[in-house]
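There are two complexes below, and they share chain A, which is joined by chain B in the first and by chain C in the second.
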Partner chain A sequence: MSTAETAYRGRAPWLLAAPALLLFAGIVLVPIVMTVLLSFHDWGQYKGIETIITLKNWHEIATDSYFFEIFLRTFRIALLTTVISVLIGAPEAYILSRMAPPWRGVFLVIVLGPLLISVVARTLGWALLFGSTGLINVALVRLGIVATPVQFMFTETGVVIGLVHVLVPFVVISVWASLQRLDPQIENAAVSLGGSGFTVLRRIVLPQVMPGILSGAIVVFALAASAFATPAIIGGRRLKVASTLAYDEFLNTLNWPLGAAVAVLLLIALAAIIVGSNRFVERRYAEVFR
Partner chain B sequence: MSRNGPVALAFHALFIAFILAPIVIVCAVAFTPEGYLSLPTNGLSLRWFRAIADYPEFVRAFRDSLWLAALSSTIAVLFAVPAALAVARYRFTGREAILAFFMSPLMIPHVVLGIAFLRFFTTIGIGGTFVGLVLSQGTEQEQLIPHGLPE
Partner chain C sequence: MSFLELQDLTRRYGEAVAVDGLSLAVEKGEFVSLLGPSGCGKTTTLQMIAGFVEPSAGGIRLGERDLTRVKPAARGLGIVFQSYALFPHMTAAENIAFGLQMRGVAKPEQVKRVADALALVGLAGLSDRYPRRMSGGQQQRVALARALVIKPDVLLLDEPLSNLDAKLREEMQVELRAIQRTVGTTTILVTHDQSEAMALSDRIVVMNRGHAEQVARPTEMYQQPATAFVANFLGKINVLPATVTAGVVTIGAGRWAAPGSADGRFSASVRPERIGFGADGLAGTVKARIFQGHHWLLQVATDVGLVTVIAPNDGRAIPNEGATTHLTWRTEDMVLTPAERAT
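Coming up: the complex of A and B.
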């Protein structure tokens, strides 16, 4: 009886997970493996895809500076987006945590609510604001800050602004979560020992929320480097990043093997960066995760 | 709990304005009576909402979106809740590996997943069909489920 029960308990989690495992194997694993294989196939304007194994696409990506430039731009935009998101998101989370209850709830909804709104709708809003007769440029010219309208559309500046808007809530959530674990008595103790407001913030609060800031930053970086909708709408076809390049190779040039190689390279680069920085955060702040 | 100073509140106001600006502008423009973009507009109009109703493609796109959301989230819940239960309530060999496997699409750029799906579905003959769309959306949503379950 007891052995039967142990056997059942041993199998139960596998039975529960089986449907999802099969679905994942069929719909995630197989297509990804096929994409990796596809990146080694040959392609020609007239012959289409040839199922031979060649390093042609990878050689092209490695040697053509066009691809290097696009990957460099992708990670430059992602890095800039991450830095700005942290610089404005972390203080905002701190300010929110110091607010009195009714306002705190209201503003938390305002800040996190946009995550539920489609990225396309929000980015279109920026496209409306960015134009040379858009509200931002009208305001800047009227205030005398600039003489001629600033070009936001099809520029990296515009893409970064759009991405920060889409991704900054992730920093706020993550920093907010670590602020909630903070013991307010430690702050009070520091103040009672004569620490100024700034010293308390820098030496007591900041070190404790650092893991929250870093994990938020990793999420933002990963999502910014792989973002599609925002660079596609604001950057257009003139300012390509890795994801819009892969998309273009697939749906416009129809060079699927090359597109697959770009996609696989993006996947590998991103996975390496995320795993690497996760390791760093976990090792550096091991005591916080205990 | 100490209060926020004036600098903090000013920063907060700017931050909220930044978050709300594009959303407010999209909503405002939707009600413009003009055939072009102009702000501030001369009055409000439901002209463009009527225009949506007049275009069968728009109406169909809306209907398809709703069906896609309903079907794919149903699939995601049906498959993910048992899997989440397994991972959250049982301790077994391979648990960590399964969890990592289920979470892996979070790390895969959506455009890469989309391309992989496109290639795969074209090969098995359901490329460009609604079934393919539902399956891929369902898989993408599935990873969100385990977060909500307490250990």
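Coming up: the complex of A and C.
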């Protein structure tokens, strides 16, 4: 092989990947770098954005408990949404996988339904149901379960319900995928050794789909923590989360640098949590599932 | 009364009949193989014994118990699956201990019995290994230990060796047989591999289209196949058109004495390894000669069609390709069945 050819061979993968790399750099890396830079700029009511480097925005976020409260709320909502989505989605996937073919397809479409509806239409639908004269409250009051309408709108409960509705499918898909990989004979083996239905589920099936549950949970957490439309419509101005806070700083206060700092902090926190839990999952299950 | 009895066991799937009135009596400690091509109903039979498939009709008795409607978890049978079906998230020892835990065996006894089971299958050092880190043969042994550790009344083996390579399969056959002899567990093996069935079993059940063609000891079944299906399924066999007149069998130009046989048209079945070369007999030309180590495989074209001959590689001369020769065999090596029945 000639040297020129060797050199070409060495460059070939890079050349082949170049278009995708350029696209990635152009639409992902550059905006992120610019946002990070923006977060270090100064801003004033009358002077606008000043392109100097200052830690003012970061200092403000670190010291003002207002921001701490919003980030705490963001991750509390995300965590609650994740736990509930897993508790609903994992059993749902198992039941689906046990269904006979015609019904399985029908129910799978129903489960994935929320993903097919526009986020705004879906969330406004929830807003209609949630109102003090909405269907849910009217039903609850008429049935005598509660005396006065429950406050769903502009509460964390409402936001969590709205998020769970749209994020459960991600758990279902993820768990479904790991259930498909199960050898049905393994369950038979456990049964033949004397395992009852519940024992087999808990000790044989659950540990095997755990990687699927955890990866589904990571996806749900990331999407819930960075969700915008649902907290914006159901949570409104009164119940801000990190993404709606960044939006408000950008478009209402026009304090772009502060908004950028909030967005960057959300990005860093999420990335750290996701990479950390992914590491954990991989290390925990490497021995067994690779 | 036998230990395990299948009475008129039948399983239908809609119109199709997977198992059609199978009856079988297995003695305590016996090793019985269900042998047949795919779709013959052997696996369905095993699954009915295990309880994973419910019989459409008929019954299963184990000793004094009627197993027919007993749940699989309560049958107390040991099963080795074709895919081994080991629990991937448990070590070898944990896999084996599972059945003991389900039976509420005390922890110290569990540990002892798991160690004994691992030693029995020759895996004493691998108790903490996960299935993914084991070879196929080792996984196979863990699966066997897991099935045996609960001291099952009956051990069911579902094509347990089919995923192993040829050499390992032979080793495992010998070992499986030795382990079964040691523990004395009544064993039912499902296989499509006739040499495996012959190597392991006390008795073989050859199944075809949901019913038993023949139930016999391996040697008996090989030498006196009851039907053409059995003859063809167990090893290679030549089926040649023959006529009998006045106690003489005529096949092509060859003649054999057959005292006491009625006159008429017959099918003569001869095993390829029972055929030798001689000066007279069935004349033919060697079409192909294949060396297979300890024997030669020859295809000889004769007046009555191609005949397969297996000749031991014992130093005697083997006719070359294209050579003309005569095929001979003893009268007692030939099974005559009336021509109509042979199809």
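Here is the rule we go by: the second predicted complex is superposed on the first by the 270 of 290 C-alpha atoms of A that agree within 3 Å, B and C clash if a C-alpha of one lies under 4 Å from a C-alpha of the other, contacts with A are read in each partner's own complex, and residues count from 1 in each chain.
Here is the rule we use: a residue touches a chain if its C-beta (ideal position, glycine included) is under 8 Å from a C-beta of that chain, and two chains touch if they have at least 3 such contacts.
On a predicted model such as this, the values are computed, not experimentally measured, just so you know.
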{"item": "Which superposed partner A:204 touches (first chain B, second chain C, both, neither)", "value": "second"}
{"item": "In the superposition, chain B vs chain C on chain A residues touched", "value": "B"}
{"item": "First, second, both or neither for A:194, with chain B first and chain C second", "value": "second"}
{"item": "Partner chain(s) touched by A:149 [first = chain B, second = chain C, both, neither]", "value": "neither"}
{"item": "Touching partner for A:183 - first (chain B), second (chain C), both, neither", "value": "second"}
{"item": "Touched partner set for A:236, first chain B, second chain C, both or neither", "value": "neither"}
{"item": "Partner chain(s) touched by A:117 [first = chain B, second = chain C, both, neither]", "value": "first"}
{"item": "Set of chain A residues, in rising order, touched by both chain B and chain C", "value": "none"}
{"item": "Sites on chain A touched by chain C in the complex", "value": "183, 185-186, 188-196, 199, 203-204, 207-208, 287-290"}
{"item": "For the chain C and chain A complex, residues of the former touching the latter", "value": "50-52, 72-79, 81-83, 85-89, 98-99, 102-103, 130, 132-133, 146, 150"}
{"item": "Chain A to chain B touching residues, read off their complex", "value": "9-10, 12-14, 16-17, 19-21, 23-24, 27-28, 30-32, 34-35, 38, 88, 91-92, 95-96, 98-99, 107, 110-111, 114, 117, 121-126, 128-129, 131, 133, 135, 165, 168, 184, 197, 222, 225-226, 228, 243-244, 246-247, 250, 256, 259-260, 263-264, 266-267, 270-271, 274"}
{"item": "Chain B residues within the chain A interface of the complex", "value": "1-4, 8-9, 11-12, 15-16, 18-26, 29, 37, 39, 78-80, 82-83, 85-87, 89-90, 92, 95, 98, 101-102, 104-105, 107-120, 123, 135-136, 138-139, 142"}
